[in-house]
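Structures are listed in the sections that come next.
In the two complexes that follow, chain A is the common piece, with chain B as its partner first and chain C second.
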Partner chain A sequence: MNNLKLAWRNLWRNRRRTLITSASIFFAVFFALVMRSIQLGSYDHMYKNAIESYTGYIQVQHKDFWDEKIVDNTFAYDQHLEQQLLADKNVESTIPRFESFALASNGPQTKGVLVMGVDPEKEKHLSNVSDKMVKYRLSPEAIEKIQLDPDQPEKVKELAVLFENSAYTSNSRLQLDLGIDDKKASELMPAIEAHTASKNGSIHMGEPGVWVGDKLSQYLQLGIGDTIVLISQGYHATTAAGKYEIKGIVKIPLPDIDNKIVYLPLDICQGLFNAEGNLTSLALAVNDNGDKDIAQTVQRISALIPEDQRVMEWREMNEVMVSQMDADDKGGQIMLGILYLVIAFGVFGTVLMLTAERKREFGVLVAIGMQKKKLASIMTMEMLFIGLIGILAGALVASMVILYGVEHPIIFKGETAKIFEEYGMEPKMAFWNIDTYYIWQMVIVAFMVLLSIVYPMRKIFGMKVVNALRA
Partner chain B sequence: MLILLSAMALPVLGQDISPKEIVRKADEKFNGEKTSTAVMAMTIVRPTWERTIEFKNWTSGREYALTLITAPAKDKGQSFLKRQNEMWSWNPTISRLIKLPPSMMSQGWMGSDYTNDDILKESSVVNDYDHSIIGEEELDGRMCYKIKLVAKEDAAVIWGHQIRWIDKKDFLFLKSELYDEDAYLVRTETGSEIKIMDDRLIPTRIELIPTEEEDQMTIIEIKEIEFNAPIEESFFSQQNMKRVR
Partner chain C sequence: MKVLEIKNVHKIYNSSEVKVHAVNDISLDFEKGEFAAIVGPSGSGKTTLLNMIGGLDTPTEGEIMVDNTNLARLKSSALIDFRMRNIGFVFQSYNLIPVLTAKENVEFIMSLQKWNKKEKDDRTFELLKAVGLEDRVNSRPSKLSGGQQQRVAVARALASKPKFVLADEPTANLDSKSTETLLDIMEELNKEEGITFIFSTHDARVVKKARRVITVEDGKVISDERKK
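On to the complex of A and B.
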């Protein structure tokens, strides 16, 4: 107990030295945690986007479909199998899909597109496309209305021009882009919402009509009510061709998908490809999406399905993204390693100076009868205190930032947002909530501190008192 | 007198005819000197399924061709037009006339093993190749010239060379082997069921077997064919693609 008291007092004898050493540890912990949180958060966000707006966690497919995505590799939609799948305890619902590629055209504009035949009702359990319908758009007409509105401030008018033709699925993003703060929102937003409202309709099973991605609609210069022409190869090399009215425009958070997706009602899509009753995949919405739950569910389902079908999980279906994230993760870890190395040398430098400064003090203490062992233990405690102060302070401040970030992810706007979108990412930086990675960062920093204690220990035990006294 | 003349002419033909002439005769025999009108059925055979498409085909010389799909119901009404070097496709479902780019010439027609180029006869076996007789062989009891066709340097053809077996008496293409630029055999075509159609003896069943694909082939059967019936050039028009029955 006495030792502890001595160590504590020693710390505050030279306050500046203690604070500088703690501060370097504080920054190490703080940056490591925030960096890691953003990294993990971004991965999670991207995975969720990909899974929830496209693949789902688990899919049942024809065994050859993944390698060769042609409509000949489809399977019959079997109600009996569906019932069996639904009986699984982790399967919340089954979502039948028919996806293929087609050439879409509008007059001289032509583009290869991804055609998705979906059941809009069932899709609500997974991708929830109807939620992604564009509700507001800063069309030239809408901007004109805002310009003429005497109640709108100049800044809003300027920003509206900057975001010409942007589409919004929620009013909060629109509010953000137009630079309206929450206080003024209730006053300004209703008028803006009225000016920019977009008349989207739904697609229904049995009714010809399509939803197209926002970017695709801009490329093909198509709007709601226009007709899109789709041409492709159908089942058993038949010709698949059809023209459909655009009922609505959707904005998918993955720009790569947004610029090529066309949604059709499932039965209409099967008709287009002459594959009535067939599916390319049956996506499953699950109750628990942990890695272990998914693996077990896949195993159970594999036993149920016929031989010409296979079960795939999201990791296999998003292989490119998973390896991209893995590479990025490794890059992040290397960055952390470098950060730790710099900090470790910083801490070690301070300890080195501290030991040199106190050489005479150590000499005197030993000369008047203090055991070297006791001196060493006090020294160790001092170092641990410094480390603890740094780590705890770092973790505390990082937690505040992260907890705030989880609730309010950083959303980029303007030019920065465009750059993100050009790289195929959503302009959003999400945080990952406090989790096991926290412990790891703290353990590593603590280990660094322990390592730097070795030096003063060696100095103390190898000290020649006479020399030390003269220092 | 006639008999005597032809009896005298025959051995002359047999000996002095040039390989190019043989190919030209065989080609004309099949496509008609001026025009042809045919009703055909094409069966696409794949390992797990097969499908038959029926169509009508009008040609005039090498320049003009029009093809109309008549069955199955889903594909009915689609038509393809060739005028000189250009090809269009009309699809009534979407009311769209599409011009096929030259890059699509080597792609399969209606999902078959035939390419658009085969159907439209963009290239000519007579003019785009150098010919040489490399032997004589008997096929199905018929003596054939075995002729090698090597693509001319500047010709826009997709084959490096071809070997064709042409019946000595009636100038029929009985078998063709088509090789790519690297001299790999890409496909084999055989003609069989030789029948008299519109006073001509021609093979009415042509089987196309791609070398690389297992259990896969395309069979064309000629149901009716009429040669050299007058067809106006204006028949081969974009307007007519939409009208023709």
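On to the complex of A and C.
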């Protein structure tokens, strides 16, 4: 009878207890992995939104622009520098921008807005704003058409009212909010798409016209074809003012930006602020966006740029969000710690019972000739079996959930979605794929199980056989 | 041939206030092949004496020599090893390993001693046959009666051919019929294998079978009779 066989049989002498203990370890591993995957996935998603919709991974700016975002802190566009930057192995393209603030108004409504001068073609390499155009909107007129459509089910009509004025960049999200399943989509969606379609136009270099963020357009009660008036201070304290036709509405996945963004063609924007030829930033689209790659690229580029410019990376430009995510990450880790602690006490409780129950048996085994270290190794194997059953089962089930979640992120709708947006977040819960965090969670739980073995080890090695036999 | 020598052994328990002299200057010798019973009222010190003989407890004073080895001089792991090779135990509550079958329980000590499979199988079959359980080799203890479990325990104690077997109240939990059967088996094995049996008991039936009866009272031997 080898130790392994004896340990395995001991495991099943109290089947229910073994299963309950393994189940608690299973849940610890499962929840730890899924929670961590959602946490890391959500951070990544939010970072990507911020980076790809706004800042990019790296920007070259006037050295004072970040601290004082005025149009005087701009720099002249330099084609030679651009060529040098493009020669860097990690720089895919350069995206020139002119960014400032203005007062925007429509009738009695006025709001401070972020004016972003972009080259629509070059912007496709980074924020790809044209892909964020609002294609469908549940405007009051659209809802009325849906209500009058005899082919639409009552449920769709009710949900359409709930989502009044919501804007959509794809029909899939519209379909989701209206509760139409895939089977009925081909039957119902064409009519809904026709009722809700929004006709956006493009902006081009040299042609006046703007794209406005969806939330801003709603605040200012502006639609496509309306005119927006922008008033600000231009280069060297000149007056900057202009009125522009709204060519399109864009929905930026960062609600805070969506609430204030106005896109103009770069040259028109430079003209508005009397800063022709100047840029506030040159954003860089990169080939590899890993932390190490970015740091190395920043280092290389810093050596190329003139003294009045500086290179900033995405973490510096999204400092508030990074701090929020860090704080949230710490909070998540504390929650995981509490989860581990609860499970550790559960496992320890089992070990305590198991040791007390078998004290006499331990005494008999040592009395008849089993060395204490052999007995200890059998106990260790038993706990490792319990741990492994729970850990492997937990990891397996979590893997299935995570792999599914990576392909199908959870998208919130209705009131929950609105709450997310109120907190400045996209109502989407993404999963992070299986990665090193996976190993860590399993190692921590395994360590916890091993730690719980300390108690029976102490009991076995400190056992007085004669006392154990009396137990 | 002496297998066990007990020389002026004392055992004093020091509780917080009271000092208890559980074994008080006992000296005894046991020869190979003896079938001896240590009797006495509860609290007389017979179990304490048996525990010290088995190396499960240490004397406060005196020596216990098994085959010329002083048990008190052995370190913990060496003592466990010594017990495994030289002393068999039969407990009042049988104390078989619940997850092992009758055969595996008997084999257990032989496995610890790393006997080869054939030797183990032969010895196990021989012993289980001797205790009348050759048809229950694959039964776990929970499927055996008390008497059957104690017979397996006797087979286990004899498995590695120890110098002597210590049996602490082996019949206390058994009915008359099982007691008779068990005692007959032990007596027969004692004669066949020449292994010394030392019982601690209250049971008159055991005393009747024993060829030597040592009476202990208040930690002292008050009589040591050998039957003819």
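Operating definition for what follows: the second predicted complex is superposed on the first by the 470 of 471 C-alpha atoms of A that agree within 3 Å, B and C clash if a C-alpha of one lies under 4 Å from a C-alpha of the other, contacts with A are read in each partner's own complex, and residues count from 1 in each chain.
Operating definition for what follows: contacts are C-beta pairs under 8 Å (C-beta built on N, C-alpha and C of every residue); 3 or more make two chains touch, one makes a residue touch a chain.
Please read all numbers here as calculations on a predicted model, not as lab measurements.
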item	value
Partners on chain A (chain B, chain C) - clash or fit	fit
Vertex chain A angle, Cα centres of chain C and chain B, expressed to the nearest 10 degrees	140
Partner chain(s) touched by A:V466 [first = chain B, second = chain C, both, neither]	second
First, second, both or neither for A:I231, with chain B first and chain C second	first
Touching partner for A:A185 - first (chain B), second (chain C), both, neither	neither
Residue contacts on chain A - larger count, chain B or chain C	C
Chain B versus chain C as contact partner of A:L6, first or second or both or neither	second
Partner chain(s) touched by A:Q371 [first = chain B, second = chain C, both, neither]	second
Nearest-approach distance, in Å, of chain C Cα atoms to those of chain B in the combined model	83
Contacting residues of chain C [partner chain A, same complex]	51, 54, 56-57, 76-77, 80-81, 83-85, 89, 91, 95, 97-100, 104, 107-109, 111-113, 156
Chain B - residues contacting chain A, complex	44, 46, 48-49, 51, 72, 74-75, 78, 91, 93-96, 98, 108, 110-112
Chain A to chain B touching residues, read off their complex	72, 105, 229-231, 233-234, 236-239, 241-243, 274
Of chain A, residues touching chain C in the complex	1, 6, 9-10, 13, 360-361, 364-373, 465-466, 469
